[in-house]
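Here chain A shows up in two complexes: once beside chain B, once beside chain C.
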Partner chain A sequence: MLFIPGANPKQIMFAATMGADSVIFDLEDSVSPLEKDSARILVRNILSTLDFSAIEIIVRVNSLNSPYWQADLDEIVPLKPAIIMTPKSETPDDIKTFAAYIEQVEEKHGIEKGSVKIMPLIETALGIENAFLIGKSSERVVALFLGAEDYSADLQCKRTKEGNEIDYARKRIVNAARACGVEVYDTPFTDAHDDEGIWADAAYAKSLGFTGKSSISPRHVDAINISFSPSQAEIDYAYEVIAAIAEGKAKGQGVVALKGKMIDAPVVLRAERTIAAAEQLGLGRK
Partner chain B sequence: MNKIIKMAQVGNVDQNADCVIVIEPSENGNEILLESLVKAQYGDAIIASAQDELKKYDITNAKLTITDRGAIDCVLRARLEAVIKRGMGV
Partner chain C sequence: MATKVVSNLKEAIELAKVTDGMSISFHHHLRNGDHVLNMVMDELAAMGVKNLTVNASAVFDVHAPLIDHIKNGVVTKLCVNYMSKGIGTHICKGIMDTPVEFRSHGQRPADIENGRTPIDVAFIAAPTSDTMGNCTGKMGKSRFGSIGYAMADAMNAKTVIVITDNLVEYPLTCASITEDYVDYVVAVDEIGDPNGIMSGTTAQTRDPVRLRMAQTAVKCIEASGLLKDGMSFQTGAGGATMAAAMYLKDVMLEKGVVGSYIVGGISTASVDLQKAGCFRALQDVQSFDLGAAADLLENPNHIEVSGRRYSSSIGKSSCMNNLDVAMLGATEIDVDFNVNVHTDSNGIIMGGSGGHTDIAEICNMAVVIAPLFRNRLPIVLDHVTTVSTKGENIDVLITESGIAVNPRRQDLKEKFIAAGLNVKDIHELKAMAEKICGVPQPAPKGDKIVGEVFGHWGEHVDYIYSVPDKE
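Take a look at the complex of A and B:
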């Protein structure tokens, strides 16, 4: 997931060519209050004119405590973006307020109800504590997203490259999202010039259970894509697991082992998910 | 008929693929001034888009000064819409 500032025409126009699966067109923090109107119109015009069918379109609108969020949704929802990212999401009521307004706009423009999904951006201490309730607050919620810059400011601590200060939030949000049955995305690694640090940060996020990770720099997209894609060894092992299970079933075996290790239900589930992810990414068995 | 009631500006001249547009009230009907590196190739099309956007908002008293840095039509029209609305005080 790549953030693109909503006030920069060139970056918006070329967003689909940066290698990210999803692009977050930002109308919030990267746009000055004086340019909120022009950015909203710019994003609307470019998204409705150029072909972005190769990427998932996400638009970060302004927060409920701003005077801009309704005008943002009025312009953006009719374009049927896949997802609206709702910043400063702290309570289930925040999401219900966004969802109700999105529904109004959908209805006004003859869009099927529920088409536009929501990804709450959780970036405060209260939001983290309410992550499960936020995830359960609307059928539209498809993923939770951790925003570490505002979160660490809310904790009144320094944001560091090591990220110890966000460790609790990362683990809490992953657990909450999985308990809700939705996806979960990690905060950007904000040092755009650190080409080594991104690898460690992405690997750690993956190890915690995040579905993916966002970036504010196109330079980090490859590291994130590679880190979150299954390795060839993982893909090959997944196919071996599925084959062993099929063989065991054919032989009427109750318990199946592969390379001396018992294959139980969680192993099969993980193998199925690995194969599904590999197929989605166009990766095959060697 | 809508009126341009104040001067307004939109766009960033430091960005490629963008344009800066200034709008102000005019007493001589609509006037459009264009500066663009591609004026010879696309000048007529840029002015036609500007006239079209002014017509959309029923504006007849605007002086538009467009400094183009290679904006494509949907960007130009986004900037026109924004500057017209600002000039109208919307």
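Take a look at the complex of A and C:
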């Protein structure tokens, strides 16, 4: 997921070519108050002009405590982006307010109700504590997203590259999202000039269970893609698991082992997920 | 002990008997820091010499005084391989009666040697020379590395004058041009401004669009099947092509591939590849930065080559004959893959072939890297403003939005598709750019021919026309 500032024409033009699965066009923090309207128009025009068919479009609108969020939704929802990212999401009511307004715009423009999804951006201490309730607040919610910059400010601590200060939030939000049955995305690695640190940060996020990770730098996209894609060894092992299970069934075995390790239901589930992800990414068995 | 050192430039010019109508030559290794061309031209103008042909491998904005010498009749003809926009803007106003002749880096030495553009007096700026004219660019305060483009001038001019700001005792043991070609040596305070000669460091681009194109370029090399032991490679000085060298290093190290050589303008990025063991040798006709210049002096596998040996059609072979892959730039490219590197979209001269034409003509896979549009101008057009390199010689266009393969290279197209690369028809890329930028109006063309472009074999390729003044 790549953040693209909504008021930056050059970056917007090339957004589709940077290798990200999703692009988040930002109308919020990267856009100054003086440019709110021009960014909104720019993003609207680019969504109606360019072909983003291979990429998931997400638009981060302004927060409920700003005077812009309704105008943002008025302009953007008619273009049917896949997802609206709602910033400063703290309570289920916040999401319900956004969802109700999105529904109004959908109705007005004859768009099928519920087609535009919501990804709450959780970036406060209260939001983290309410993560499960936020995930459950609307049928539109498809994923939770951790925003670590505002969150660490809310904690009154420094945001560090190591990220110990956000460890609780990361684990909590992953658990909440999985409990709700929605996806969960990690905060960007914000040092755009550190091309090495992104690898460790992405690997850690994956190890915690995040579905994916966002970036504010196009140069970090590859590291994230590679870190979150199954490795060739993982894919090969997954196919071996499925083959062993099939063989075991054919032989009528109750318990199946592979290389001396018992294959139980969670192992099979993980193997199936790995194969599904690999197929989606066009990765095959060697 | 004998010496060829004369007291000053004026004396050397008098001894060389420069007279009206002669052809004099310069090299461009001092780039935009060069003092020598202006120094010589001012002296000649003061002596009242007229109607000269200036044959310079390139002219830069620092050579702006040349414009007055043209207007005053001191210079009536120019032969160059490259011309920067500051000079090109004036040429496009039609200030010369004879069109500027644009050659490639390979064709210039050929035409000097075959007598098509003979040189009467060559003025060779040398960062170090001994008293007999053994000289080099590899050391001295104005060092620039390889002096490759001046070698044809030294070997073929009737009279050769070396101008140096670092006169050393005879014999200089690492001479690039040797005394047997040199008539006179002149010592001056400064042959150039180090700030304009070369950059101290060549920073790696961080522009994500360029990096994306560079990555794609390396994927194309992999998919082409050319990435194997013995591969040879050429890259320019542009951000995307330099970044391609960086990604190529990663892939070659990972796969354990050892290439044969990198040729052309050599940068620190090329030196890094060679030092990392990715290539056995560097063939250097022009050193792009101080890192490359320093390495040329110290590294026995980094060799200095003349323009003739680099890419000329007149030799029995050149470095081009074994060249597998080249990364090239483009100001414009058209749907027939013709490339313009001479003029901007308004028709104003702002460049030249350099090695572009030679490389594309001979190498196995010539890859042009360019974004779909720059500053709201589409790069892919129906017709380029000026044909610099003929489309039949360009194999692949890489943009950030897709790869177009010349229909002549169906083999490459099939390999790229099989590798899952984003191959598109060049017309489709043009349509994508026009959807965003609109269709540009062709630039208005004047009536006067102000330049003629010659190809790798010396053949006529295109004319450059004057640009009408805006009302």
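By definition in this document, the second predicted complex is superposed on the first by the 286 of 286 C-alpha atoms of A that agree within 3 Å, B and C clash if a C-alpha of one lies under 4 Å from a C-alpha of the other, contacts with A are read in each partner's own complex, and residues count from 1 in each chain.
Heads up, the rule we're going with is that contacts are C-beta pairs under 8 Å (C-beta built on N, C-alpha and C of every residue); 3 or more make two chains touch, one makes a residue touch a chain.
What you see is a predicted model; the values in this text were computed from it and never measured.
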item	value
Partner chain(s) touched by A:G248 [first = chain B, second = chain C, both, neither]	neither
Which superposed partner A:P218 touches (first chain B, second chain C, both, neither)	second
Partner chain in contact with A:L50 - chain B first, chain C second, else both or neither	both
Partner chain(s) touched by A:N8 [first = chain B, second = chain C, both, neither]	first
First (chain B), second (chain C), both or neither touched by A:P78	neither
Partner chain in contact with A:L42 - chain B first, chain C second, else both or neither	first
Touching partner for A:G209 - first (chain B), second (chain C), both, neither	neither
On chain A, the residue positions that both chain B and chain C contact, one per complex	13, 49-50
Touch list for chain A against partner chain B, complex	7-10, 13, 37-38, 41-42, 44-46, 48-50
Residues of chain C that touch chain A when the two form their complex	206, 208-209, 211-212, 215, 371, 373, 400-401, 420, 435-436
Chain C contact footprint on chain A (complex, rising order)	13-14, 16-19, 49-50, 193, 217-219, 222, 282
Chain A partner contacts - residues on chain B that touch it in the complex	10-12, 15-18, 71-75, 77-79, 81-82, 85-86
